[in-house]
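Next, two complexes with subunit A in common: one pairs it with subunit B, the other with subunit C.
Moving on, here comes the complex of A and B:
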């Protein structure tokens, strides 16, 4: 495999891994809990910007060609961790602002509007995050350990892929733990009918804010990993259609199923959006991107029409047979059962 | 939940609470005082004061538009009254949301769309159990060792309930794969898993075939014998006569009569309301 092939392949793998983590974060919101977050890309953006300003150093560095607030040069993985926390805080803020008072379509619109407002605010204010030009020259992490950066060392590129893969496993673990626990059941109840869930003592507002926080943290982590791979981040990187790429991944792969969402992330952001770098270009330069979005649109409509459950549907939860204490068989008769003490 | 639980029935803890309340002289489990609710210019409930005695099924009847379901929603916390107060087990709950009321033991079923369609029947039941440690983020992340034993105990209890209601074979079915009557049974079983002290039933027989209706009726009578207090909104007066004592009759948002079914059916204002409705 030539260096050029490695370059393309590692790029594809990192982009797919990043999209996978972001898709899991969004699926916790829309797939598990029915929080229609059309502004999800905002989480990736805050993760990317926080990581950038915590890695670049003061804005007097690099000849002072960029203006931004609070520059620092913190060691890996501190920027990623702070970025993840920033995503969680943003999720909490968005949740408190929208989910406490608004429902359904209204909250979806408000989240989309919030993403647009943030987009234009960051684009306009050149001293905040260098305006529409964005931030560049963002240093890649752990270059000293590998002996090179993404543009000089193929080893570095594979190491970065390995780190992304490790974080993917970690994120998968977090999502599966949440969705497999009684917490996941409560989230799905809120998704199905929040009035019923509340009538059973489940605090729907708290649960919806919770998925905003956890999903936001995952989205920001994805942004953090992406920005240190790319080395640059500008408002053009997080326009609202990017959120629909993640929606498409969830719809195609299978909502409320972490494996399905992973498959969707491989197909949509991975193969359709990034895989084209392996194909020879056709027609004018704008044709391929346009065809990509057309294809994503067709996929969304096609799957929602013909297979709304996605390629790998949500799994039906079955519970194993359990014996009563002392091996007594269950029957229809009323009997006393020793119940474990509650842990509150 | 250290006490033994009657599998498929009322938890002992709930019974003891009601017993204490009775011993203290609180003969009613729930009381409303002058409750009023309007929507725009339309008054749905006006000056409603009722009491729900512990261990009874209180029937709430009246013609369409009488305000029965609105009153039930107010009792459950889904609607906030414009005026008046609601007292449950001696505590005023007028401004409490449904979550707080449910955690105190006031649960309900729904007239329409009370389903959680893409949860299995067993999941529906498990969901309703209160104080589940696995519903906390930290416990979920740490893993099963923090919640597995409690979950297994709940599965056993839920299956006993399914056996009692003859629904065990449907435990893995999604609720939207069941008939209308079976869905009503799931709602009732789900409410029972919540350890209710008072169960509000909003037309549980609506759209249910006669055979299943008889089963549901029989289950309600059994649950009353177990000590569960219920408020039943129902149009089928035969069911009300067999299950309920006392009966509250509403019309045009007002309570127009109270008493046994035998008493209220002879009252002129009740006959007028039904004939007019």
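Moving on, here comes the complex of A and C:
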């Protein structure tokens, strides 16, 4: 493989890994719990900005070409960890503000609007995060260990891919742990019917806020990994339609199934959005991105019609029947309870 | 003071455009119970169809507006018949429908980009002489925009309150099943709702293009969020609420630019929306939102 092929391939892999982690975070919300977070991209944004200001150093560095608050140069992986925590705190804030009172579409719209408020505020205020120009020259992590940076060393690019893959694996186990535990059952109970879940003693509001926190942390972690790979971050990197790329990944792959969501992330943000870098360009420069978005729209509608459960559907879960109270064993043929996941 | 008056003038023009679009958006939601995110893309499409008629074919801009508006209405009915109704018949959930209209929005908006390109266009119209009313100065197109909006609002009011179709639309919005039992052909009412909202989207899109001067394929979606904000502020599903919300959003966004940088006007609009929804989740006029259990 030539260096330029490695360059493109590693970029594709990093983007896919980042999208995968973000999609898992969003799927915990929309897939497992039915919290329709149309402003999810805000988590990626906060993760990226926190990582950027914690690795750039004070804003007088680089000749003061950009302005931002609280610059520090902390060693890897501190910025990623702080970014993840910041995503969780933001999730808690959004959850407390919206999920306690608002239901359904209002909640979705308010989250979308929060992402927009942040977008316009960050764009307008140049002293906060350098406004609509955004931050650049964000240093790549662990360059000293590898002996080179993303633009000089192909080894560095593979090491970064490996780190992303490792974090993906970690995130996968966290998500699977949550969804297969009793907690996951409670989340799905809230999704199917929150009144019933509450009548069984589950605090639906708390559970929804919880997925907002965990999903927010994952989204911010994805943003952190992305920004140190790209080296720049501006409001144009997190416009609200970006959230719908993740929606498409979840719908195509299969909601409420971590493997399905991973597959969706490989197909939609990976192959469809980033894979074209391997193809020769056709027509004017705007044509390919425009057609990509049209294709994503067609895929969403096509999957919603022909295979609403996605490529890898949610698992049909079987639970051993509970023993009746008073130590009486349940008799008869029914030993297992089938739980059918809800369709679309 | 003069700045305040100038801002009020701009605010009124914006309010007029927002009102046309917000009423279209909200009527469609109340009649068909689908939150149509694709509305913004229809606005963009209409602006570009009118551009082709006006600049390429050479038609008068008002004729172009009328044709583009009716074409948007027809397209909306086709979308309803071809995509929305089949999904509804299958029992797709409310949120499933939102996702589908988002997908439609992506398809239409980026098809417009693929066809017309990402450049900014402008209509082939003479600027006309500015008109001064008291201490307010309006361009020719701003006045026409306000005029069309006022006529449109009166028309919607008469349609809803004085015609059989309007009555049937209100009934369907209240309770679609009961309306059907009473002999209202609700599928036709749904078509009418989509046609009306599509037409209003078309009118709003072209007028937006006219008053902005130049526009690109994102013009509709850029304003869609403000339109949704106006709709929700007034109380979703309420035609009069949408008008009220449009006036509030139109004026406040302009006034705020007197106090803080103009870059924050959207922030102000959205913060107002969030605040209103948190205090009064059903919006200012609550009927539909309360009926459909959308806020606790």
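Definition applied: the second predicted complex is superposed on the first by the 319 of 344 C-alpha atoms of A that agree within 3 Å, B and C clash if a C-alpha of one lies under 4 Å from a C-alpha of the other, contacts with A are read in each partner's own complex, and residues count from 1 in each chain.
The working rule: contacts are C-beta pairs under 8 Å (C-beta built on N, C-alpha and C of every residue); 3 or more make two chains touch, one makes a residue touch a chain.
What you see is a predicted model; the values in this text were computed from it and never measured.
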**Asked** Should A:186 be classified as contacting the first partner (subunit B), the second (subunit C), both, or neither?
**Response** first
**Request:** Mind working out whether A:165 is in touch with subunit B, subunit C, both or neither, as first, second, both or neither?
**Result:** neither
**Request:** Could you look at A:36 and tell me whether it touches subunit B, subunit C, both or neither (first, second, both, neither)?
**Result:** second
**Prompt:** Which holds for A:214: it touches subunit B only (first), subunit C only (second), both, or neither?
**Reply:** first
**Request:** Applying the touch criterion given at the start, work out whether A:317 contacts subunit B, subunit C, both or neither, answering first, second, both or neither.
**Result:** first
**Request:** Determine, under the contact definition given at the top, whether A:198 touches first (subunit B), second (subunit C), both, or neither.
**Result:** first
**Prompt:** Of the two partner chains, subunit B (first) and subunit C (second), which one does A:128 touch, if any: first, second, both, or neither?
**Reply:** neither
**Request:** Answer with first, second, both or neither: which of subunit B and subunit C does A:284 touch in the superposed model?
**Result:** second
**Fill in**
Residue overlap on subunit A between the subunit B interface and the subunit C interface 344
**Message:** For the complex, give me every residue of subunit A touching subunit C.
**Reply:** 34, 36, 97, 101-106, 108-110, 112-114, 116-117, 120-121, 123-125, 241, 244, 247-248, 251, 284, 286-287, 289-294, 296-298, 300-301, 304-305, 308, 344
**Asked** Which of the residues in subunit A come into contact with subunit B in the complex?
**Response** 174, 177-178, 181-186, 188-189, 191-193, 195-204, 210, 214, 314, 316-319, 322, 324, 330-332, 334-344
**Fill in**
Contacts from subunit B onto subunit A in the complex sit at residues 1-9, 76, 78, 97-99, 102-103, 107-108, 110, 113-120, 122-123, 126-128, 130-137, 139-141, 143-144, 146-147, 149-157, 159-160, 163-164, 166, 171-172, 174, 190-191, 194
**Prompt:** In their shared complex, at which residues does subunit C touch subunit A?
**Reply:** 35, 83, 86-87, 92-96, 98-100, 102-107, 109-111, 113-114, 117-118, 225, 228-229, 232, 261, 263-264, 266-267, 270-271, 273-274, 277-278, 281, 289, 293-296
